[in-house]
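Below is one structure, written out as structure tokens; the observations come after it.
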């Protein structure tokens, strides 16, 4: 995994998703070198870069132009631009114009999560994976319900990571925000 | 419990222990209105104030004079000074001069934890409680071993609290550092 | 707190709420010796007994008659029957017949949580406390929304406790189910 | 990742390490198709199988013959036997007879952790990875100290996963034991 501190960060753009959460999202997404991945709400590019290292190609978008800029900078820093198409725009509109894909990652939704999941699912290939990361109580439930509505059984994990900070006094355990990862495989 | 934001805080003094952890420490300490409580490493006074609301009297000390000042200010703010004796000094030295007590809380130890537990235990009355809070991997094990060494079975809980922040977008779950509480009852 | 293993348990009734969660619920409920407490969904009596130790009186009910039986047995075992009125029935119906109270604890709701909170809130005295414990993703959000709807700001904590099991090999950390506690004070 | 329920399990052998923890161990181990991996204490084969899917070859051993049997059965079930050498024996003795390797995973140590780390480190190639999983308070500290002693800075994460169980009433969050993963890269 790319270390957290090797991402360029800016104040106005959330992310990158922490290393350990990126790791778990990648496991759930199960990306192969033949896969096309869509990253909805790419933010700082945390999941875009990890996907680019594994997939055939990646389509990443965000409604915030600063996020697009930042993701581009991070792709350039790690030499991963060639595989990634970056688009500025709102999830539902951009998804409209995209063909089928193998994996859809949803990191941001601004209230449109049920529709994003529905629309994303329609364009998902058979055996394709949908993986949603959520930090809000409310979106967890929206994600679970939306996946049930399309007839799948959601895999739900809540992940709490504490990271050891090595100090002179000892190993201080520093908490992180818990993240919920909701995922499903299209059958 | 006293809300976290009703404590005066300063940069150089750790604490106060968060509301939920103070709550759990108080449950393990099981303080009655006849009890004398010793608070080792009082810091911002988080546990000193909670103890003062429940005990007959409290002896609190810290090796850092700024912590003593801050604890005094917090006691004054909440009208709890009368029950509390504040002493500046190192745990082992101060403990030497104290008579028996019903509860000993250990929030700071600077490497002396095994000795503090041993010495504290000797002065603890029968059925007295010892409660250690730890944020370091290493002190957890020191505390468990020291309690085993005095012939007791430690109660060990690791507590991870995430707190909901109500925002326009929803309830954002904010992580906190995990805390380990090690306790025992003198038999 | 009453140790977990001092509760009689049966297969068909959930609970008791674990010691550490009972402790946190009691802190949020802030019960005084003048208070009337209502316990909705008393289950094994975990919260009923803790409330009985602190309140003036407790009204506890459950729609499952086995829960009423079990709570009675646990109250008898701990000599706490005198303060507690036990009622079999569904939350909404029983609440109808109750006068005002200082604290309402909600441990079970079977889909009626929003209505229970609304109805409970109406009968809650000024400065009264409402405390909901939830193990389901969905009820957490229902509780937060219902509390917002009555014009209060919910306090939301997610609690994850691991308990140390002392073995010959060392201290094995045993996980527990995370519990979310949603609470509010009537203003 | 291989789903948890696709492993054969037996009563006398611990494991398999849960899917999400295997995922994180694999990220920290960063196994490439040219790597030789050593799995100390293979148990049910949880990490052996994951390594076999990624590495050039794997040497897995356990002091418990039942663990060797079980790991063999799990390798056969998933068609992964060809890459794996299985050895029964105690960690320190078996390590003695092994040449250099790229990754060492330590899942069991029976008190020998500091020596296993020391001896494993000596045989680790440059840029090789050492990854220890621990469920005991004590081994976490042993692992951190042993890695400091060989002059490296340990990466320490404590992982708490709750898994959603989809029920008629809603998504019940089921806790798991917290696991600590301590790792380092040889420089």
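Going by the order they are written in, the chains are A, B, C and D; count residues from 1 in each one.
The rule is short, and it goes like this: contacts are C-beta pairs under 8 Å (C-beta built on N, C-alpha and C of every residue); 3 or more make two chains touch, one makes a residue touch a chain.
Per UniProt, the chains are A, B, C, D = Probable cobalt-precorrin-6B C(15)-methyltransferase (decarboxylating).
It should be emphasised that the depicted structure is a prediction, and the values quoted were computed from it without experimental measurement.
**Q** Hey, which pair has more contacts between C-betas, A-B or A-D?
**A** A-D
**Q** So, comparing C-alpha centroids, which chain is the farthest one from subunit B?
**A** Checked the centroid distances; the maximum from subunit B is A.
**Q** Taking each chain's centre as the mean of its CA atoms, how far is subunit A from subunit C in angstrom?
**A** Using C-alpha averages as centres, the distance is 37 Å.
**Q** On a C-alpha centroid basis, what's the spacing between subunit A and subunit B, in Å?
**A** Once rounded, the distance between the two centres reads 41 Å.
**Q** When the centre of a chain is set as the mean of its C-alpha atoms, what distance in Å lies between subunit A and subunit D?
**A** It comes to 27 Å between the two C-alpha centres.
**Q** Counting only residues that touch at least 2 other chains, which ones in subunit D make the list?
**A** Residues 137-138, 141, 144, 156, 158, 160, 162, 164, 171, 173, 178 of subunit D touch two or more partner chains.
**Q** Please categorise the chain-chain contact pattern as a line, ring, star, complete graph or other.
**A** Topology of the interface graph: complete, with all chain pairs in contact.
**Q** Enumerate the contact residues on subunit A facing subunit B in the complex.
**A** 110-111, 135-139, 160, 162, 164, 169-178
**Q** In their shared complex, at which residues does subunit C touch subunit A?
**A** Residues of subunit C touching subunit A: 137-138, 140-141, 144, 156, 158, 160, 178.
**Q** Tell me, which parts of subunit D touch subunit A in their complex?
**A** Touch residues, subunit D against subunit A: 1, 19-20, 23-24, 26-27, 30, 141, 144, 148, 153-164, 166, 171, 173.
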